[in-house]
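So that we are looking at the same thing, I have put the structure below in structure tokens.
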Amino acid sequence: MSTIAETADLLPDVSAAEAEFARRKSRETWRRRLLPAAGILGALALWGAAVWIFKVPPFVAPSPVAVFATLTAKFGLLMENLLPTAIEAICGFLLGNVTAIVIATTFVHKKVLEEAFFPLVVIINTIPVVAKAPILVLLLGNGMEPKIAIAALICFFPTLVNMVRGLESVNPQAMELMRVLSASKTEVFLKLRLYNSLPYLFSALKISASTSVIGAIVGEWIGSTTGIGALIIQATYAFDSALLYATVIVGSCFSMLFFLTITLAERLVVRWQAPTGH
Amino acid sequence: MSTIAETADLLPDVSAAEAEFARRKSRETWRRRLLPAAGILGALALWGAAVWIFKVPPFVAPSPVAVFATLTAKFGLLMENLLPTAIEAICGFLLGNVTAIVIATTFVHKKVLEEAFFPLVVIINTIPVVAKAPILVLLLGNGMEPKIAIAALICFFPTLVNMVRGLESVNPQAMELMRVLSASKTEVFLKLRLYNSLPYLFSALKISASTSVIGAIVGEWIGSTTGIGALIIQATYAFDSALLYATVIVGSCFSMLFFLTITLAERLVVRWQAPTGH
Amino acid sequence: QGKPVVNLQLGWILGGNQIGEVCAKQMGFYDQEGVDLKFQSGGPNIDGVAVVAAGRFEVGQVSSSPSLMLAASQDIPIQCFAVGAQQHPYTFFSLKKNPVREPKDLVGKKVGIQATGVILLRALLAKNKIPEKDVTIVTIGADMAPLLTGQVDVVTGWLTNTTALKVLGPDRVDLRLWDAGVHLYALPYYATTTTIKTKADVLQKFLRASGKGWAYAHANRDEAVKLLVKEFPNLVAADEREALDVMLQYAFSAKTGAEGWGTMDPAVWADQIGLYAELGQFSKRTPKLEEVMTMDILKATADGRPKIG
Amino acid sequence: MTAPSTATSALPVAGFPPAAVTAAGEPAVSCRNVTVRFVTDRRTVTALENVSFSVEKGGFLSLLGPSGCGKSTLLRVVADLVSPTHGQVNVLGMTPQDARLKRSLGFVFQDAALLPWRTALQNVELPLEVGGAKKLPSGAPTPRELMKLVGLEGWEGSFPHELSGGMRQRVSIARALLGGPRILLMDEPFGALDEITRDRLNEELRRIWQETGTTIMFVTHSVYEALFLGEQVLVLAANPGRVTELVDVDLPRDRTLKIRETAPFVSIAAELRELLGRGV
Amino acid sequence: MTAPSTATSALPVAGFPPAAVTAAGEPAVSCRNVTVRFVTDRRTVTALENVSFSVEKGGFLSLLGPSGCGKSTLLRVVADLVSPTHGQVNVLGMTPQDARLKRSLGFVFQDAALLPWRTALQNVELPLEVGGAKKLPSGAPTPRELMKLVGLEGWEGSFPHELSGGMRQRVSIARALLGGPRILLMDEPFGALDEITRDRLNEELRRIWQETGTTIMFVTHSVYEALFLGEQVLVLAANPGRVTELVDVDLPRDRTLKIRETAPFVSIAAELRELLGRGV
């Protein structure tokens, strides 16, 4: 078979396959952008319909229209209050997750520590905020710090559990390879365990993205004048259900953005996996 | 080589190896029992020392001795209040996790639904209890139901995230095998995805075991006169720090037991994994 | 049985503030009136107003009267029909070494207060013409430790909460909100306007029986505490006994001596509404007095309520 | 017992479908101008280019070719695991998808693809638990009999991680044989086996093929194996993967391992080597 | 380019340690009465029973034996991946652990054991990033040169899941060769390769061995390969895994593939077959 004729025959074909690939990719990207919007719009419609059909009084649940009006009317106020909560949530997220990763690393390398302290961590994790609050306020004062601490504490546990699993569940083959290469524990950690744990870690981070915001909000209930949590108390106290819902929505949207950021980060970091399933 | 001589030579040896194996196993079992106790005792000692050295006043943190005295003096009361909370936590755990598993299954089989509704789930997950409380009480009354619902809601999200990942991350080879066998989606799910998701699921269940108890406690704050949560409010507002700590400890110990049960269940279910690491 | 059920939605968990109702229930006063009382607990995460307003439960009680004014201002169709405490026991606590005995002592002090209590402090300052900038407000949780650890100079709480006050020790200095000129009610009873119109008889029965319960508690204090602890075993009898004496000083006053337990004064309500309006607390609109409270049930039960004072 | 010696008893073969009654020469598998391209973000690989061939019903096609020439990909196209970028594929007169859904296929993957949570025996039994046919045809070899056939009697209860590489591969062979598929796709099934086990399984496979009329496509790197087993040998070349030649194996239908030393065998083997060398 | 043809240039070998200067015959690896038992909850498997042998420095030992006879286990014992239940193992005059920690070992695993998040080239480079020696000896073959040696030039950027089975195996061979280990343990490294690539790599391996004095233990199922490569062949039998015989290969040191057709080769091959058949 003559190679020249073949090559001529082949070239448009390859580019056609590549074009098809690119087309499919961009279609997928758009789907990923539009579908969530559709889902959220659908939920809004459902909520509106429920309020309208069952004549739900506004003090039980306001209509989406009223909430939207409040959202636009008090947009400045809401954003002002989002800022401290966002800072607390993000700092708490970072602190909690980094601590969890560090402790998971320790646990994986010193099984004894894991066995001795995991139950203790479970116990600490179940202590409600009210019981920790006096100590936190005493130690950290009345600023953002105790809120960050609470957000961190709430993020900590899921990441710890997932991360320990992710770091431990390495392929035994790969572990043997590392052993033959006489890799140090640090190297095994950096070159093998860390990568292996990424799916678990990103699952945990997705959970954290959502819970750190809750943590910051709950943290604000131990005493704060600004922030989503403070605004929620205020709106609840004043029976301003439209404001309450608007505030909650702002907090939730922030946590969704946070979640999507993590999803995006994962897509950028984890590039090697074979696409699964049909 | 004569086989008879060899066999004679070999038999005691095999039993020796097996005896060694049995010995190692029982040593490990004991370690697993004693180390957590040691960890907890250590933490208690640390707490006691801190209270004593820094002369921490009881309204900030009571000494372990005072708490222990309360624990024994009010043991009956504490157990009475643990019961409803435990029921709520366990029911919420079951409800939340089963729902999460069902929804994760749906998401995995209908990607479109996942893309459309995952962000919505994130939003719902961040709504604080205060905003949901009136609706829950109106729909479910003031009994255990709304508390179970809150515990379920709090369990739901971590399990969903982990479970979607676990069900999706199947080995492509195994997926091809199932395809060749023309396995139905249900069969792929039951024979492949489910097993594959077990490590992720058990991580999620461990997280849930702890958070469902928190959920039940927080749930009791929307109106309950009994339960760990009610006792916590009462102790908090009466500034009875010894009772507060005793109550929190009872709740935490329960959640630790819950956690250990899950760990045990995992050890019974997941028997096939090659031991990893050295 | 066919007896109408009265669900009493509390704003907080059941406790010594409901000792009269507990006694009435245990002594069968509600039975005698032909109603069946059920306590529905509230808590930190719910005040119950929406639940009562939506018609799920018949009667509600909140901790403090401002809740009802604020609810009315948001068009929530509920009205107060009686109050459990004639004066609000809300108090500013300080220590002798740095005391706040009267409003002007607040100048230059750090006041630790819950987010929802800030308005009460502002009302106090307004009443006493103290500029807000002269006082440092620190929002804290439900916790008195900051006073003891020196993080703040003043904390707040209810004088009836005797257990909690023990923590502050003998050096406590009290400044009551009421004495500082801010006149609020505590533990007001409310129901929807519809209930008040259509089921007035049930509310009357409820109120008469509750009054009897409070009278019983007033007369048989040790017995009353026993009944309370029986209904709600989490409570400590000794603490409740101590708290009861204080609580009864608030439940009964000269006015109740004349008009019977549970009475209230429209003028005090009007005063409260005016004060809150002045402070800009009604974001939607200022409620009218008759939207906030009604004397109808009280009038109808004037003879049936114990006149102790 | 581990490997070769004991399990020599011939297997019952009733479970396999009867030898093709249709006109001989009707194709069981045919590909026309099949091209497969893998596009990734970084590069485009042409795994198969313009590949055409057909295997008649009851045929035995060996595939030979350098590493990376698309042998595995070709089997996957036939099994409907990869869709060709171009070209037509026909399996038993159906689309590959229909053939797959009718459970006409057995596939031995290049790596054993055992489920780690199932014991060896449970892995062999998997086809009975999924897909359409949940019962073995009466008289067909049972999972235990197949375990014996591949020399793994006694290892039924072991988990994959407790087996050696060759043992795992044999489990996967037993699994593919279960239920007597009409088309058997085998991707280097005997690669990790010692010569004796391999020879024995070669003979067993040939016997099963003869007695049942199963159509087999068999990837191997051994010219001897390709020739001993196949009625035809498809020689592929790499980069892009393409057909060099389809060689008919003119050897008697009844073969023993001895045939490998006969002159015709040696001469076809030399021809194949020649083709393999040229194809690059 | 995929497979055999192009990458024929001989590699620089300077990076490999100089041929053993110590007295010839001093053992690089020796095992005395090594027994390995795997105990699980269900059963106890004796993978190796009373195995003794030694390989001198710069030696080349081929391991032959039926599937499941403990070949992989034996390599793992030498590499300190499995501790023997009984017996002594000595590697380069040290314990296996010390030898491993001194990075004296290269290991080609039976399944490639590539890290899925690394490209082919990054997988080959892994030994430079971990363990003690983080720099290649000057003049030693670089990762890219080794990729070329195994015929994978052009595939450096591909991830393991984008490679064929044989290509993955070659990546793992290149990785084991990097840095010139003093002892090379190879577990069926060429099992998934076509004959031509395999022959070429056989010759390359033999050349590398000769020029560098590396000690090699090589598991294979091919008697030809065992014989062409090895200076000695250890024949194992299964159940329990034990030594049947250690056969010295009396062939000239300089071998080409042609040697496989010579009389002495054929006769030793027949002897090995005999031993393999008997060992069961």
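The chains carry the letters A, B, C, D and E, assigned in the order they are written, with residues numbered from 1 in each.
Methods note: a residue touches a chain if its C-beta (ideal position, glycine included) is under 8 Å from a C-beta of that chain, and two chains touch if they have at least 3 such contacts.
By chain, with names taken from UniProt: A, B = ABC transporter permease; D, E = Sulfonate ABC transporter ATP-binding lipoprotein.
The structure presented is a predicted model; accordingly, all values stated were derived computationally and were not measured.
The chains in contact with subunit A (ABC transporter permease) and with subunit C alike are B. Sorting all chain pairs by how many C-beta pairs they have in contact places A-B at the top. Subunit D has its Cα centroid 84 Å from the Cα centroid of subunit C.
Annotation: 47 Å between the Cα-based centres of subunit A (ABC transporter permease) and subunit E.
Separating the centre of subunit A (ABC transporter permease) from that of subunit B (ABC transporter permease), both taken as means of CA atoms, is a distance of 20 Å. Within subunit E, the positions touching two or more other chains are listed as 111, 161. Shared interface positions of subunit C, defined as residues touching 2 or more other chains, are 50, 54, 142-143, 145, 149. In subunit A (ABC transporter permease), 59-60, 130, 134, 138, 171-172, 179, 233, 236, 274 are the positions where the chain touches two or more neighbouring chains simultaneously. According to the touch criterion at the top of this document, the contacting chain pairs are A-B, A-C, A-D, A-E, B-C, B-D, B-E, D-E. Every residue of subunit E that touches subunit B (ABC transporter permease) in the complex is listed here, in rising order: 35, 37, 39, 44, 46, 49, 85-86, 161, 240, 242. Of all residues in subunit B (ABC transporter permease), those touching subunit D in their complex are 171, 173-174, 176-184, 187-188, 191-192, 195, 270, 272-274.
Those residues of subunit A (ABC transporter permease) that touch subunit B (ABC transporter permease) in the shared complex are 31-32, 35-36, 38-40, 42-43, 59-61, 112, 115-120, 122-128, 130-131, 134-135, 138, 157-158, 161-162, 165, 168-172, 175, 179, 199-200, 203, 206-207, 209-211, 213-214, 217-218, 229, 232-233, 236, 244-245, 248-249, 251-253, 255-256, 259-260, 274-278. Contact residues on subunit D toward subunit B (ABC transporter permease) in their complex (touch as defined above): 76, 79-81, 100-103, 105-107, 109, 111, 113, 115-118, 126-127, 129-132, 159, 161. By the touch rule above, subunit A (ABC transporter permease) contacts subunit D in their complex via residues 1, 6, 10, 13-14, 17-18, 20-21, 172.
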